[in-house]
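Got a structure for you, questions after.
Chain lettering (A, B and C) follows the sequence in which the chains are written, and residue indices restart at 1 in each chain.
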Amino acid sequence: MPLLEIRDLHVAFPKGKKTEVEALRGVNLTLEKGERLGVVGESGAGKSMLAFAILNLIADPGRVSQGSITFHGENLLDLSERDIRSIRGNRISMIFQDPMVTLNPVLSIGTQMIETLKAHRRISDKEARKLCIEKLREVAIPSAESRLEAYPHELSGGLRQRVVIAIALLTDPELIIADEPTTALDVTIQAEIMALILKLCREKDVALLLITHDLGVVAEVTQRLMIMYAGLCVETGQTRGIIDAPQHPYTYGLLKALPQKVGRGARLYQIPGSMPPITALPSGCAYHPRCDRATDVCRSQIPPLENGRACFHPLNVPEAT
Amino acid sequence: MHIIAFLLRRGVQAVVVMFVISLIGFSIQGNLGDPLRELVGQSVSEEERDLMRNEMGLNDPFFVQYARFLGNAIQGDLGTSYFFKRPALDVIMDKFPATFELVLGAVFIFLSLSIPAGIYCAIHRDSWLTQFIMSASIIGISVPVFLTAIGMVWLFGVELGWLPAFGRGDTVALPWGWETGLLTWDGLSHLILPSITLSSIMLPLFIRLIRAEMMEAMGTDYVRFAKAKGLSTARVRYVHAFRNTLLPVVTVGGLMIGTLIAYTILTETVFQWPGMGFLFLEAVNRVDTPLIIAYIIVVGLIFVVVNTLVDFIYTLINPMVKLPGAKG
Amino acid sequence: MISLKGFIKRFLSDPVAIGAGVVLLILVLMAVLAPFLAPQNPYDLMQLDIMNSEMPPSWKPGGDDRFLLGTDAQGRGVLSTIMYGTGISLIIGIGAVIVQGILGVTLGLIAGYRGGWVDAFLMRLADIQMSLSTLMIAIIVLAIFSATFDANTYADYAIFMLILIIGVAEWPKFARTVRSSVLGERNKEYVDAARVIGLPPRKIMWKHILPNTLTPVLVISTIQVAEAIMTEAALSFLGLGMPVDRPSLGSLIRSGFEFIFSGSWWITFYPALVLVALILALNLLGDWLRDVFNPKLRRGDD
């Protein structure tokens, strides 16, 4: 049984009084124990929505309108608020994008760590403090003891993200959802933090759902990949395989836009146009207005996800099976 | 912020405010009525008057007179009330407990209603009660405080006759000379209508403020993160979100002190509450200059002290502003 | 920003805004047309008859058809005094906001554009003045004013004093609003461009920055008129504002207050009703305008 299995997930937001628009339009995903999966797409593709849906934290007035999210064989969408709370931050924890706004500015680091432990364990203050210091050490925060009394504004962005990671690790979760964990950080620190996350996940055999817009990052960290576009998965498979031979034109475009793929002095490639907002999706394949391989069928029908890609005219199709 | 910077900033502001107020007080003293006439009447000849003027220093240069005024003021001598024939400061301080207890009652009502209502309206955005509170609050903002007062007097005092509408009722003297109305039923029942009135104008404003700040806090990433950590709803709301709404609430509260003092004058006038504001208005009608000056200076002092207190509370609840010696 | 057409469309689709607009329009027309519509001229002593004093509204026993809403203690028709009184309240409210606007916009522009110590000084001053509160400043100044001059002189100048005091005391609200939009505009390209072609700072401020800061100024003006009218009413109620023979709504309420207990409630009630309707209509319109133009501006921030 997979650790996490998402089937046909739809997330809808009301538009006007009667109608709804969908931010996720039927997403499937499986994650095995200890596996690292990257979810890649431009902003607005629905990646964060997916993360929040798993923890049942979609902000009002959005809602999961269809589908199932099973964790250890239990559908999270059926759980009571109380039961899902015992999973949030305990068996599944989350790392947010911007550490500058993730930690509460008026509460000390210690308070924000200890409350997490106390929400999930019966533990004395003294033991909780000990454990917190231990975790702060694990994420390589210098002089960990004195940091418990510190407030977020006294720490740099990189240190704050380490604190967030320490909080995510506190309860020894089975799955960590990291939503663009390095995007808001200085370029120099990004690699450090990513390496830290990778190291901890490997050591503790924690599964990782890494959400990012950066294909370069997932290539180094994840084993499998899922490319999202306008609320749908357009391509999925082994990370190496997709990067070496992308089949969906969108994935191809994303890869082509990576700086390291371009020779010195060459112009950086950009996919023409931009992703449509969920309120104004084109008919058929949502990518067709930007795609140079689009034909009439792309404009009228949504391509099904088959053989790891949702495209009528894929590239790099392997020779006959 | 460093404590010295804090004290310096507050100190400079306090000195500026008190300087302006003392200057106002002094210039009124010079221009309103003739102190000599108040003392000796009309019966004294012009030469004798000039002599007395010289003796009293009324012909001294401006700065000398001002310095003398300031020196006396610092020693607590703000002149003698023409009407009461007693030191003006004593007359004012006799009325201080009444005003203080009125404000206390108003703050109590205001705190115990605005915080729960503000939080409720932020959490249950679309409930009928929220819509009712929000519509009532815009009406509340639009009703001047003296009209609320008149309405209270008319409805509860005259028509229904449930509560006393005038005066302070029975008071008890505390050992240090403070006349309190809080220890008798009669005193407490007299306090109800005026303190509801005084709180009524701040209440809608703060319900709206707390609601807006709370809603903003509930939408922040740190609240989402707190939820993602699996904390209880109560902890997310009251520890994570509400703690952050306190800062703007305290700031705005500090800005309302002047308004609150002004409203005590209105409230006390309608309810004939024997406090400082009522006394001040009577003094204005009687052109009792020393009393007017004493009131302005006492109010200025209260203002400075309370403002400093509010700033201090602000530094206590805001970890970004830290005084050395505090924990951490 | 929003086009005029969109503006009207939004206005017509909001029943609260329409209601507030209609009430305001009626009250303003009533005040402007008072000399033509009012049954009596309350300023004309010849028309007053003490025999007519304290008559109840015309539909009550003892009422008189000439005085629809009854009469006050001096025998003036309550309806007529309200019509004239609304005018005086509106003149003071609008006049004070014009003074506030001129002072506040000028100082706000200077503070925002100059920055540095000028800005720091002006904003510090604004802080202190705001926390002293307009009403408190006005009460003290007017108390001194009324103690200094005799009643007749006071009555003659009361309207100018009120406009001036409420106007001067409230400048920080406009100044802050303008300052913050100037800070937003200052570094935009068009200002740089103007600077590069060598326009003097004064010209850049008035010709280029000011027009871009006017929307928030117009939005807060509506609420400021409501606040000024409320302040004026409070001052008049305390006997520090308009005198009884040229009454604003506040002085009408003051003069009627003592008669509530003898049962003559109408002398207080109708002016109070009009005052609340006026302030409420202005507040609702102000809130609506703010929502339309700039949802970020919020009451309570000041």
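In the analysis below, a residue touches a chain if its C-beta (ideal position, glycine included) is under 8 Å from a C-beta of that chain, and two chains touch if they have at least 3 such contacts.
Molecules present, by chain and UniProt name: A = ABC transporter ATP-binding protein; C = ABC transporter permease.
Every value quoted in this text rests on a predicted model; they were computed, and no experiment measured them.
If the chains shown are joined wherever they touch, the resulting network is a simple chain of contacts running from one end to the other without closing. When chain pairs are compared by contacting C-beta pairs, B-C ranks highest.
Look at where the CA atoms of subunit A average out and do the same for subunit B: the two points lie 53 Å apart. Per-chain Cα centroids separate subunit A from subunit C (ABC transporter permease) by 54 Å. Averaged C-alpha coordinates put the centre of subunit B at 24 Å from the centre of subunit C (ABC transporter permease).
Within subunit B, not a single residue touches two or more of the remaining chains.
Per the touch definition, subunit C (ABC transporter permease) reaches subunit B in the complex via residues 124, 128, 130-133, 135-137, 139-140, 143-144, 146-148, 226, 230, 233-234, 237-240, 250, 253, 257, 260-261, 265, 268, 272, 275-276, 279-280, 283-284, 287, 298-302. Within the complex, the subunit B residues that touch subunit A are 219-233, 235, 239-240, 243-244, 247, 317-320, 327-328.
Subunit A makes touch with subunit B in their complex at residues 52, 55, 57, 59, 81, 85-90, 93-94, 96-98, 101-108, 115-116, 119-120, 149-151, 153, 164, 167. Across the complex, subunit C (ABC transporter permease) is touched by residues 13, 16-17, 24, 28, 31-32, 138-139, 141-147, 150, 153-154, 158, 205-206, 208-209, 212, 248, 252, 254-259, 261-263, 265-266, 269-270, 280-281, 284-285, 287, 289, 292, 296, 299, 303, 307 of subunit B.
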